[in-house]
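Next come two complexes built around subunit A: one with subunit B, the other with subunit C.
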Partner chain A sequence: MTRFIFKRLLVMIPTLLVIVTLSFFLMRAAPGGPFDADAQLEPEVLENLRAAYDLDKPVLQQFGLFLAGILRGDLGPSIGYADYSVAELIAIGLPVSLQLGLTALAIAAVLGILLGTIAALNRNRPLDYAIGTLAMTGIAVPTLITAPVLTLLFGVMFKLLPVGGWGDGDWRHMILPVTALVLPQLAVIARLARGSLLEVLSQPWVRTARASGLPEWRVILRHALPPALIPLVSYLAPAVAGIMTGSIVIEQIFGLPGVGRYFVNGALARDYPLVMGIVIVYAAAVLIMNLVADLLYGVLDPRTRRRMTT
Partner chain B sequence: MSGEAATRDQLVMAAAAVRGESLWRAAARRFMANRSAVFGLFLLVLVVGFSLFAPLLSPHDMEETYWERIQIGPTFENAHWFGTDANGRDLFVRIAAGGRISLAIGLITALTSLLIGVVYGAIAGYVGGRIDEWMMRIVDVLYALPLIFFIIILVTVFGRNILLVFLAIGCIEWLTIARIVRGQTIAVKETEYIEAARSLGVPFSRMVLRHVVPNVLGPVVVFSTLLIPTVILVESFLSFLGLGVQEPSTSWGLLISQGTATLDTAPWLLLIPAGFLAATMFAFNFIGDGLRDALDPKSR
Partner chain C sequence: MLTLARRFFVLLIALMPSLALSAILVRGIGSEPESFDPHKAVGTSASVVIYDLFEGLVTVDANGEVAPGAAESWTTNPDRSVYTFKLRPNLRWSDGTALTSADFVYSMRRLLAPETAARYASFLYVIKGARAVNTQKAPPETLAVRAVDPRTVVFELEAPAPQFLEILTGVAAVAVPRHIIEKFGREWTRPGNIASNGAYKLTDYSPNTFIKAARNDNFHSASAVKIDGINYVPIEDDNASLKRFQSGELDITQRFPPEQLDKLRREKNRSLRVAPGRGSTMLALNTRKKPFDDPRVRQALALALDRDVLTGKILRKTAEPAYFMVPSSISGYDSRRPDWAAQPLQARQQQARTLLAQAGFGPGKPLRFTMQYYTESKTRTLAVAMVSMWRAVGVNCELINKDLGSVISSVNAGDYQVSLYAWYSSFDDPYTFLDLFTVKPRGSITGYANPQYDSAVRAANRIADPAERYQALAEAETLLMRDMPAIPLFFAEGQKLVGPRVSGWIDNARGANLSRYLTLRS
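So, the complex of A and B:
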């Protein structure tokens, strides 16, 4: 087991390196630089500014300096947000994105499993079709549409909720963005849960449980649902990392100070260190959550454990 | 009694007819019997038809600005059936123009990734061994790329050249197809007809393209119908963030973004393009689900 974890962690390093290298050189290949927006800088001032951020050095040397910085755990200063380091900006943005995303994912998981179970138990009956239609809607209609339409309905027309802003994490400010994030996740989870539960319900041990005279709710809760939820782990763990991207649009629409906004602004302003810092954090999060998913899978499903010892 | 006999005869005849059907014709029959799939197809034809032909119906040009008619709601007066936007341009023709771009981008990008993915996966699966292992390791590494972050970086690199950007997205989206095709190829490789072709001395490229690829297409077709809406969404998403299609041309994502900016004063500018995008998403999802049910070997 430890060997398995160790091996997987070791494979992560070259993967991260490829990602970092690709994004670094792509960013540098982009036309324009971070100081284009400042109208008419004196050539000497520009030169000094470029020197301050090491931009006057050859690209390969910049890359070396950057890698050395990462090894020291230093992501460098942001260019666009003067006086802030990249680490500080991520420390400001990440809690917002995480609070938003984790709340959404938790709600989506609970409701999704509930709806998926109801649908599976009413297979091919009206309730199943109703939930299926709901799930199809959630998958087909993107947050790009739900977010502004929800704002229009509850913010502008009924004036029940604030239209945007973070309000220091006040729950009223969270309702609309979280709802918009929940819908697509809820739909996917409900579908997965339904399919998985249907498969388990046809297994011999469920028949045995029923034959031994257990009440139906006990068969479902104790014998069918736990194994049916295992496949969800491999969806949910990477989704924790995925919500960071999911919330880019949400953060833009509702004007929330999350990581996604910093990333988009950073890319537009050629804020190289900021963009690179967010890419690294995100890629590492994805890789680690994938590993967590595999490990949890092993803990929950003993049949897959042998795979890990090799 | 006679009714029962008649049904039995019908069943026998139906069974005989099925036996003579090719895989694709049987799939087409199953697809056409699926109500939501046919509805999806119908919806898609409507949306595509609108995007192609709507400008012919309207007297307006997509770039023409009417300063005296800014942000008026949908009306028959002056033939502004969907109203005008914040610059006084007719929304009806702009939605059609945006639709052409969104749909074209979806199609081009999906085809690009399809081409790369099918060839790559088929070669990896067919050759096998160490080469397969390395080819798939590359796919694994690329999978870990934070896709949307990467696309945003690519967009800043290629700037305004939207076609290049979407070719680039196509170059990233092929990964899943490559995996599917590789798995299928490995299964097909062991069949007798491949062995027969090999014993006849069919060259490698012909082997892959003529004998392997056509037999692994089923799941690929399903995946591509779901890939097109994904790409359209990525485009809308980029345009929404101001990174995609630029004025004066437009796309649904850009129209939704502009509609969001004026949602308190002119909600139709948000709701109409959002409706078109949602309809397209539904259409492709229904078609994709229908195709999956029609082509799934387990359902046969």
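So, the complex of A and C:
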């Protein structure tokens, strides 16, 4: 098991390196530069600015400096937030994104499994169709639409909740963005849970459990649900990474100070160090969450555990 | 023992006076400020905050006009090339440290030191020795800014400059605290570290969330500052900004979706405030290459545009039609209106066809080119409208949409045919609008190179008498408009939403409304 984790972690290094290298050169290949939005800078001034961020050096040398910085644990200064280093900005933004994403995912998982179970138990009955329709709507309508509609309803029309901002992480500020994030995830999870549970319910061991006279709720909770959740794990773990990156839109719409907002602003302003720093964080998150998914598989499914040790 | 409800009531009563007394103004400021370091910050949102926190020798009053700042008075020599400023007595930083003329000398040297990499450093190139310092050719000590005594600063300039006070209102020309910068380095602007000399001091900051400032009791006019604290809220999204304003969360904002304009105009509480702007929107023409190396083609395109349709129908009267480069809001300066501006469109179209025919274009061989534009409110509709206006005179134009950064970099690189372009100045002075078209070491944005124009602009800029200087600059502008390296389109107005709690707000072309002049109604 330890050897398996160690091996997987080792494989991550070249993967990260490829991602970082590609992003670095793609970013430089994008037209424009960090000081373009200022329109006409005197050439003398531009030269001083480029020197201050090592941009006057050849691109390969810049890449070398960047890699050397990473090895030292230094992601460099941000260009767009001149008073802060990239590491500081990530340290400020990541907790917000995580708080938002994990809350949303937890709610989506609990509600999604509940709805999926209800739907599966009421297969092809009105309740199943109702949940199915709801789920399809959740998947089909993008957060780009739900978020502004939610703010319009609860923020502007009924004035029940703040329409944006973080307000020091106050729960009232979290309700709308979390709801907007939950809806599509909830829909996917409910559909996955329903399908998977239906499959399990037709398995022989469930029939055996029922035949042995166990009450229906015990059959579902003890014997059907745990194996039905395995496909969900393979969805949920990468979803943690996905929901972090997915909150980019939400953070922009609600004006939340998460990493996603730095990512968008950084990319638009060609803030090279900031974008690269966040790419590293996102890439690492995706890789690690995939590893976590594989490990959880082992815990839940004995068959895969055997494969890991060999 | 009090019941819970009664306790709560007592608490409420106890809190009430403090609630009523602490008046906090909430300003929506658009994008997140890049920095609170006046030498590093760029853009309007940062300048809103910095003008509240820091003060230069001169500042602006409630009307946006030049007014005494840290200096109580100043004198200049007859040809306006030496300025002597007398500081107010007993100036202090917000931490109580004395502020003297040496602080201004330090601030100017830091602004121009190449390591600071200040973007606005070039505005101060009028000071003798400034360019040499900024380009590492001379040490900062050679800058001709001297502290004669603790309350007197003398600036020697390269040439007469009647506009020097105007330049000193710039956000980069404020005083910065040497004792704090040398102690904390890059982290000097953090709350807890920072000291400032303006009406407010920074108390709390969380990037992309909030910026909080409180009244600076060490400010020289602290007793005249009515509002106790300011919350600046960075909001980039136009819709979110308007919603938060309408829900009463923001007192002031400069962002809202342009399509809401008509609705906002009709509102009874008149929160929409407009002022003429200091921006000139134009079409840059790449004169380096065919077909725009021919001034007749450039003139023809300018003649064929119906600016009244662009500003009236599309921009819904939020902009003034432009027939020259320098915005009409520059006070005391009069651009010469070309004769064709008054002609009916048919006559102008006819003239455009004639010019195009002379340049070798006509029905058999129509003029074809591409025009790039960036996405901003209504730019797409504007571009499409211009294409159809040109089609009326037999010109085929194809549109290319890019983001703003790409548009600017391709203009700077000379890699375009026609490009939408806008130039803004925070100064009440025409010079930067005209200097845009003089030849720089790397060329000019349009490739336009007319030695006659360059020498006319530069000579005019060195005239000591303000009226004569403006006269000469206007003559140079006429020359520019005859050659037409860029087609003036319109001057957009500045729009802000100001809530019912705020009073003392005076709309001005500079777009500067310092919080110290505002009051909150209860």
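The working rule: the second predicted complex is superposed on the first by the 305 of 310 C-alpha atoms of A that agree within 3 Å, B and C clash if a C-alpha of one lies under 4 Å from a C-alpha of the other, contacts with A are read in each partner's own complex, and residues count from 1 in each chain.
Definition applied: contacts are C-beta pairs under 8 Å (C-beta built on N, C-alpha and C of every residue); 3 or more make two chains touch, one makes a residue touch a chain.
In this text the structure is predicted, and so the values were computed from the model without any measurement.
Student: In the overlay, answer first, second, both or neither for which of subunit B and subunit C A:33 touches.
Tutor: It touches subunit C, and subunit B stays clear.
Student: On the A-aligned overlay, A:145 touches which partner chain: subunit B = first, subunit C = second, or both, or neither?
Tutor: In the superposed model, A:145 contacts subunit B only, not subunit C.
Student: Of the two partner chains, subunit B (first) and subunit C (second), which one does A:206 touch, if any: first, second, both, or neither?
Tutor: neither
Student: Of subunit B and subunit C, which one touches more residues of subunit A?
Tutor: Comparing subunit B with subunit C, the partner touching more subunit A residues is C.
Student: Regarding the shared-chain residue A:162, is it in contact with subunit B (first), subunit C (second), both, or neither?
Tutor: It touches subunit C, and subunit B stays clear.
Student: Determine, under the contact definition given at the top, whether A:270 touches first (subunit B), second (subunit C), both, or neither.
Tutor: In the superposed model, A:270 contacts both subunit B and subunit C.
Student: Applying the touch criterion given at the start, work out whether A:136 contacts subunit B, subunit C, both or neither, answering first, second, both or neither.
Tutor: The answer is first: A:136 touches subunit B but not subunit C.
Student: Touching A:289 in the superposition: subunit B (first), subunit C (second), both, neither?
Tutor: neither
Student: Do subunit B and subunit C touch any of the same residues on subunit A, and if so, which?
Tutor: Correct list for subunit A: 31, 148, 151-152, 156, 252-253, 268, 270.
Student: Give every residue of subunit B touching subunit A within the complex, in rising order.
Tutor: 140-141, 144-150, 152-157, 159, 229, 233, 236-237, 240-243, 253, 256, 259-260, 263-264, 267, 270-271, 274, 277-278, 281-282, 285-286
Student: Could you pull out which subunit A residues touch subunit C in their complex?
Tutor: Those residues of subunit A that touch subunit C are 31-33, 35-45, 47-49, 51-52, 77, 80-84, 89, 92-93, 148, 151-152, 155-156, 159, 162-166, 168, 252-257, 261-262, 265, 268-270.
Student: Spell out the residues on subunit A that touch subunit B in their complex, using ranges where they run on.
Tutor: Interface residues on subunit A, with respect to subunit B: 14-15, 18-19, 22-23, 26-27, 29-31, 136, 139-142, 144-145, 148-149, 151-152, 156, 245, 248-249, 252-253, 263-264, 267-268, 270, 275, 278-279, 282-283, 286-287, 290.
Student: Touching subunit A in the complex: which residues of subunit C?
Tutor: My answer: residues 31-32, 34-37, 40-42, 114-119, 121-122, 125, 131, 134-135, 186-187, 189-190, 206-210, 233-237, 239-240, 243-244, 246-247, 249, 402-406, 408-410, 412, 423, 436, 440-442, 445.
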